[in-house]
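I have placed the structure first, in the form of structure tokens, so that the comments after it can refer back to it.
To keep things simple, chains are lettered A, B, C, D, E, F, G, H, I, J, K and L as they appear, and every chain counts its residues starting from 1.
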Amino acid sequence: MSDPVYKKIEIIGTSAASIEDAIASGVTAVVKTDAGKADWFEVQEIRGHITDGKPSQYQVVLKVGVHVG
Amino acid sequence: MSDPVYKKIEIIGTSAASIEDAIASGVTAVVKTDAGKADWFEVQEIRGHITDGKPSQYQVVLKVGVHVG
Amino acid sequence: MSDPVYKKIEIIGTSAASIEDAIASGVTAVVKTDAGKADWFEVQEIRGHITDGKPSQYQVVLKVGVHVG
Amino acid sequence: MSDPVYKKIEIIGTSAASIEDAIASGVTAVVKTDAGKADWFEVQEIRGHITDGKPSQYQVVLKVGVHVG
Amino acid sequence: MSDPVYKKIEIIGTSAASIEDAIASGVTAVVKTDAGKADWFEVQEIRGHITDGKPSQYQVVLKVGVHVG
Amino acid sequence: MSDPVYKKIEIIGTSAASIEDAIASGVTAVVKTDAGKADWFEVQEIRGHITDGKPSQYQVVLKVGVHVG
Amino acid sequence: MSDPVYKKIEIIGTSAASIEDAIASGVTAVVKTDAGKADWFEVQEIRGHITDGKPSQYQVVLKVGVHVG
Amino acid sequence: MSDPVYKKIEIIGTSAASIEDAIASGVTAVVKTDAGKADWFEVQEIRGHITDGKPSQYQVVLKVGVHVG
Amino acid sequence: MSDPVYKKIEIIGTSAASIEDAIASGVTAVVKTDAGKADWFEVQEIRGHITDGKPSQYQVVLKVGVHVG
Amino acid sequence: MSDPVYKKIEIIGTSAASIEDAIASGVTAVVKTDAGKADWFEVQEIRGHITDGKPSQYQVVLKVGVHVG
Amino acid sequence: MSDPVYKKIEIIGTSAASIEDAIASGVTAVVKTDAGKADWFEVQEIRGHITDGKPSQYQVVLKVGVHVG
Amino acid sequence: MSDPVYKKIEIIGTSAASIEDAIASGVTAVVKTDAGKADWFEVQEIRGHITDGKPSQYQVVLKVGVHVG
């Protein structure tokens, strides 16, 4: 059967700078460790730490879609 | 009956640059094609493409509220 | 009983500039008015106003976690 | 293919009087502007404005089912 | 074991007059047919029919809590 | 930073008469006890008590949006 | 009060052959055991067993709407 | 058609002692009153009463799966 | 701005034969009436009518993604 | 207007011992700091820390219902 | 501790032919690559591509339960 | 980029004794098989088997957060 199959990896990327950077950090981590080609991401949740009364870290929970066969 | 009525349009704006730009791209498209005054937006979902192991396009699913009468 | 307890405050921060700034504006408001140490935030919803066919204000609904004892 | 097809229109009816009037206002607006026969509605959300410490406007977000073919 | 137990019955009450009447119609039906004392209701969904471009019947999906032992 | 900030208060208004009255009862309670201007409400849940086989009290869980700065 | 009332029965139909057959199996079971006329179904969930690395049984969780008065 | 069919019963078990006891109380009640073999349970919601500032009763809303044919 | 924009149309396709046919019927209807290229669909809900104790019509609520610019 | 009004406080109780203790810790904290009589709780979420490969702290997110007038 | 443990793998099976075939394609892929015995699947989402105005590929997002110890 | 990254593993721990033991069984299984440091868990679902009319096994679906870089 040659129909394509994908899996979804759930990952949390983080960044002190921006939501976009936190997404990139999560995507990069999947690419490094998972066999297969990462094709898309879906944001599940945006959260973060507060230090001294200010947002100090964005944490973005992602699902990353990876082509596996 | 003179009570205001609004409709919601579901649109997906995209941008290679940022989530805010993807929102603007979707809002602009609604403004161009829908009769009525666009008043507000609600983000439904944030997703995107990955190219060469990096986020290459943000896709923001929006509902845009339009004043129709 | 010395186990830590936290409460969650629901707040809406706004900004004309970016989603990150709207988050910061909400976090700052909690810090000013609530006793206890703000520890983390969770984004509930991202919305905004449209003026002249363009996004003019980001509104981010947050829950802020505050250490209360 | 002669199987019936319906579409759903998302509309917000409003009224200062009651939730039922707000529903009617939304249904009426769909009937005026959409081709096809409106068959049913589904309430998605009930919200409203507060003026001088009292509810002053009910806003009911509806999906209206319209027979299109 | 003498701890109270309740069951939930899912029922749809209808009325041409109002949402409150549709709720009463559903509650009454449960009371007639179910053994045990009906204690509370929870609205799950509000929908309805449209006839000649106007809401003609409210349908309220309810869960009714019944004390069973 | 002069961007407006709002908080949401979760309140349950009740009434033996109607859903609209239960909403008003909850809104009034927020207005009495919370600093800041109440701007809008969002219905979260509609429930109620049953006495002698009839709905005897509507309970409406609301979030009330209050302008805080 | 002559407004129609419906109840919803939650049932799980199963089939080794297809999702449509699993739906039919659940609907048939409701029809056999419940007083009243079954009018519609709503799919809640689709799941199944795996045997020897292949789907061997489809399980479809349904709500079946039954006219009760 | 010999494919197995199950129904789900929604029940609320209660206990002053623990969540596990509240689950057992609900399961026992289904077993006593429903024809068919109870096979599994799914926790929907955990709530409870507070008396004199302490949790005094756990209430666990369950769905119980019953083999009906 | 040349970033692609999509809208989502909510449609209900129906069929007496199968879920797949109901999907096709909804997709076809969007293609006939909406400007723009239909690219993908998302199933929102599967429901249907029951006639003489058997499923007689599948109704599939879809969102259809249409490329609009 | 003498209809009762309740508010909901969102609190996180924690305990190294059990979920029930974490609930009690959250309820106790609300009772100490909030005017009004705490009547019921609703579990929103159960989470916890892991230390040395074992659950070391249960965190239960609760809404506590408080009678306010 | 000899209590069984399972993990859930999120996978997307695809097929041009039917939803059932797309499920089988996803299940087969899990079986090939994951240690442990695949026991059950849960459908999360049904979507698909449209080509020339017709559904051309079904995509079924599944969670597959695998016995791991 | 040195921002921390976490992944979430979905696991089902089981126990005949208690919900807390089922959580521990799932956490232990993740620790044994996954590279990286397990930091927290989130309960997704509580279910179980019934044998001879009594709960005989608690099954807790967890997401376990693991520090991966």
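To be clear about the criterion, a contact is a pair of C-beta atoms (placed from the backbone, for glycine too) under 8 Å apart; a residue touches a chain by one contact, two chains touch by 3 or more.
Model, not experiment: these values are computed from the prediction.
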Partner chains that chain D and chain L have in common: none
Chain whose mean Cα position lies farthest from chain I: J
Turn needed to bring chain F onto chain J - CA fit, degrees, nearest 5: 120
Chain E and chain G, separation of their C-alpha mean positions in angstrom: 21
Gap in Å, rounded to a whole number, between the CA centres of chain F and chain A: 38
Computed distance of Cα centres, chain K from chain I, in Å: 22
Distance from the mean Cα position of chain K to that of chain H, given in whole angstrom: 30
Touching two or more other chains - residue numbers and ranges from chain B: 10, 19, 28
Pairwise chain contacts under the document criterion: A-B, A-C, A-K, A-L, B-C, B-D, B-I, C-F, C-J, D-E, D-F, D-I, E-F, E-G, E-H, F-J, G-H, G-I, G-K, H-J, H-L, I-K, J-L, K-L
Chain J - residues contacting chain L, complex: 18-19, 45-50, 53-55, 58
Residue ranges of chain I touching chain D (in the complex, touch as defined): 9-16, 21-22, 24-26, 28-29, 32-33, 57, 61
Chain E residues within the chain H interface of the complex: 1, 3-8, 10, 63, 65, 68-69
Of all residues in chain A, those that touch chain B in their complex: 19-20, 23-24, 27-28, 31, 38-43, 64
